[in-house]
Amino acid sequence: MNDNGIIEKLTKLFQEFPGIGPRQARRFIYALLDKNEDFSKELSLAILELKKNTARCGQCFFAFEAANSVSAGGKSRCFVCGDSNRDGSLILTVERDVDFENIEKSKLYNGRYFILGGVLSPLKPETQKMVRFRELFEKVKSDRNIQEIIIATSLTREGEATALYIEKILNPFVERKKLRITRLGRGLSTGTEIEYSDAETIKNALENRK
Amino acid sequence: MNDNGIIEKLTKLFQEFPGIGPRQARRFIYALLDKNEDFSKELSLAILELKKNTARCGQCFFAFEAANSVSAGGKSRCFVCGDSNRDGSLILTVERDVDFENIEKSKLYNGRYFILGGVLSPLKPETQKMVRFRELFEKVKSDRNIQEIIIATSLTREGEATALYIEKILNPFVERKKLRITRLGRGLSTGTEIEYSDAETIKNALENRK
Amino acid sequence: MNDNGIIEKLTKLFQEFPGIGPRQARRFIYALLDKNEDFSKELSLAILELKKNTARCGQCFFAFEAANSVSAGGKSRCFVCGDSNRDGSLILTVERDVDFENIEKSKLYNGRYFILGGVLSPLKPETQKMVRFRELFEKVKSDRNIQEIIIATSLTREGEATALYIEKILNPFVERKKLRITRLGRGLSTGTEIEYSDAETIKNALENRK
Amino acid sequence: MNDNGIIEKLTKLFQEFPGIGPRQARRFIYALLDKNEDFSKELSLAILELKKNTARCGQCFFAFEAANSVSAGGKSRCFVCGDSNRDGSLILTVERDVDFENIEKSKLYNGRYFILGGVLSPLKPETQKMVRFRELFEKVKSDRNIQEIIIATSLTREGEATALYIEKILNPFVERKKLRITRLGRGLSTGTEIEYSDAETIKNALENRK
C-alpha cells in the first residue's frame, strides 16, 4: 500500500492541523489527486505566501495581512491597533486569533486586544513558555494609556489557570498604576436551562443577578 | 400485531411522558411483561399513591410528600417554605419543580421559591393560562416580607418571554412596595469557549465583567 | 428534598424501565403530578390489566392480548401461530418481542417465530437460565413440521454467543430429523459505505456475493 | 478583519477539502501561522511533489507513488496490478481510492480492482462523465483474463444507481464473453440489531440466509 514516500509524508503533515486524524488526512490526499494540477500549485503557493504576507501586530500580536497593515508612528499595526477611534485604555486579553475574530464579528467591543497565543495547562508546566505572559507584562508596564485589562479566557480548566496566572503577574500594577483587572461576566449563557446547570453556573448567576 | 386493546392503550399512555416516543413506549410494555406480577402491582399502586400522598405547597407550589410537610400556622408547607431560617424576602421564580430541585442540590441559595409550572410560548397564547402568573401576582401583593423577585427562567425564547411577562405584571409593585425585580446574571457559563460564543453571550459577558 | 417516601420509591421503579436514569425518572414524577388524577388512575389500571389481559403464546412465546388470541386445538395461540397460512416448517428464532414486531412490520416473512426472551452474555453464565433454550430444544424435538431453524440474533457479541449455543444444542436434530439450521445472511446493510466497513463485514460481503 | 488577500484566499482553498467548512479552514490558517516557516515550506513542497511523484495505475486507476510502481510489460502498474500472484480473473469495482485501501487493509481479497473515481448521482446527470464507466467498459472488452466483475459500491442511493449503470453497460459481455457480474452480499453487518433493521436489510438477510 501507500505506506511510505510522498503520500505517507503528506498524510503526516496534514495530521498537524487541528482536528485532523489519519483517515481524514488520507481523504485530503485523494481529494488533491482528484483535483487538477493548477489547484495543487495554487494551494502550494498560497501556503508559502501566507507566512510572507502576514505579520503579527507589534501591539496585540494579531496576525494580519501585511497589505492591510496600518502605519502608525512608523510601525505597522493591525486594523484595530491602528484605529485611533478604538479605546486604548481597554485591553481584552484572549487566548487565540479566532477569539479576536469572533468578538470583532459581534461588533460589540470598542477597545483593543492582546492575543496570548495559548493557554496554561496546569499539568504541563512547559506550556507557560508558549503563552505571551512576558509580552503582556511589558505592554502593561510601558503603555500609559491602559486602565483596564479584561481577561477573556474560556471557562475551562486551562482558561481559568491562565486567568489566575495573568492576575498574579499583573498584580503589581494594580496599586502602582491603578490598573483595573476584570474578568468577563458569568452566569447563564444563551440556551442555558436551569434544570441542567452546574453548581458553579448557578452560583455565578445568583451572585451576578441584577 | 398488537395494534389494539391493552397493549396499544398502555403504549399511548407511556407516550404522555416527556421524551418517550412509540418505540420506547413499546419497549416499556415488553419490559413490564418480562418482570413478575409483583412489579406491576407495586408500580400500579405507587402511581396511585403519588397523587394521594403528595401536595403542592400553598406558598411556592413545589410538589412534596404529605409526610414531609411542615406545619406552619395551621397550614402545610414544603421543607423550604416551612423553614424559618430561609430568607423570606427573596423569591426565586423558576419554571418547574426540577429547577427547584437542581438549585437546592447546589446548596447555594438561602431564599424561597415560586414554581410557575410552565413557560409562556410566544406562538401559543393559550400557554398563558397554564402558568401561575395570577398566583405569583397575588403572592407578591399579599406577602409583606417579599423584597426581591429573582426571575430564574431559562435563557431560551420561551424562558425570555416568560420573564418579560413577569416583569410587566409585577411592575406596579416596584414603586408601590419598593419591590426589586432581578434576573439571574448572564455571561460565560462553565465550559464556554470564546471562539464559539454567540453575540448575545459576548455582550452580556462584556457588560457584566467585574 | 424529596429523598424518601413515595416520590423516591416511584423514581426507583421508573428506573427499572430500559434506558431510564434517575433524572428522567424524576421528570416522569413531575409529569404525573402535573397531569390530572384521571390520568394516574388510567395508567395505574392499564399497568395491572396488561399482565392480566396478555398471555405468552404457548408455541412461540410472543406476548399478545388474550382478546386477540386464536383458539387452535383447544389452546390459545398468537396471531402468527394461529394462522394456518403461515409456513410451520420455518422457525425464525429472535431475541425479543420487539424483533418479532419489527420483522412482522416488514411483511417479508411467512414462517413462524420463537422468542428467546434474552441473550447469552459470555461473561455472565447466569444469563443462560434466562433464555428459553430448553423450550426451543423441546419444541424442535416434539414438532414434526419443523424443517428449518433460522437463527436471527443480532450481530453483536451477545447475539453471536447465543447463536453458537443454539447451534450446539440443536445439533443432534440435524442428522436425526434432517433439521436445517441457518443464520441470517451477512454483508452490506442499508447505508453501509465500503470505506468505513470493518474486516468482518468485508469478508461476509465478499463470500456472499452473488 | 482578514476578509481579503492571502488569508481569505487560503481559507477558501482549504474549504475545497472534504468536510472542511469556513470555521475549520480559518483554524488551519492560524495553526499554520503558529508553526515555524519550515513547516510551511515542507507542506508547500509536499503538495507539489504529490502530483509529480504519483501516478494512477493504467490498469485499475489506483493512485500510487511512482517510486512504488511495478514495471510490467514496459508499463508502470500499482502494487496490486503488478503482482502476478493476484487473481486477474476477478475485478472488484469500487468508488474511490479509500475503498481500495480499506479492503486491502483487511487482507481478505486476492483479486484485482477498478477504481471508478466517483458515483452516479441520479439527480445530477453531469456526474456520469466524472465516473470511469468508459474505461471500465474498455477494460472488460480488451482484457481476456477477466471472468467476474464484483460491483462493490456503497449501499447508498448513489452507490445503487452506479451499480445499476455498470450492470447495464457490461451486460453485452455476459453472453459474449461469459462474464459474471456479481454484487457484494447483503444482510446483517457487524453491530446490526434486528429491532432497528429496515425492511430492505431484513429482506436481504432472509433471502441470503445459509
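All chains are identified by letter, namely A, B, C and D, in their written order; residue positions are counted from 1 within each chain.
Following the convention adopted for this analysis, a residue touches a chain if its C-beta (ideal position, glycine included) is under 8 Å from a C-beta of that chain, and two chains touch if they have at least 3 such contacts.
Since we're looking at a predicted model, the values are computed, not measured.
Counted as hops between touching chains, the shortest connection from chain A to chain C is 2.
Taking the mean of C-alpha positions as each chain's centre, the chain lying farthest from the centre of chain C is A.
If you average the CA atoms of chain B and of chain D, the two centres end up 55 Å from each other. Separation between the centroids of chain B and chain C, computed from CA atoms only, is 39 Å.
For chain B, residues touching at least two other chains, in rising order: 96, 98, 105.
Chain D makes touch with chain A in their complex at residues 1-2, 4-7, 9-10, 13, 16-19, 24, 26-35, 37, 39-51, 53-54, 56, 63-65, 67-68, 79, 96-98, 101, 104-105, 117.
Note for the complex: chain A touches chain B at residues 94-96, 98-99, 102-103, 105-106, 108-109, 150, 152-156, 159, 182-210.
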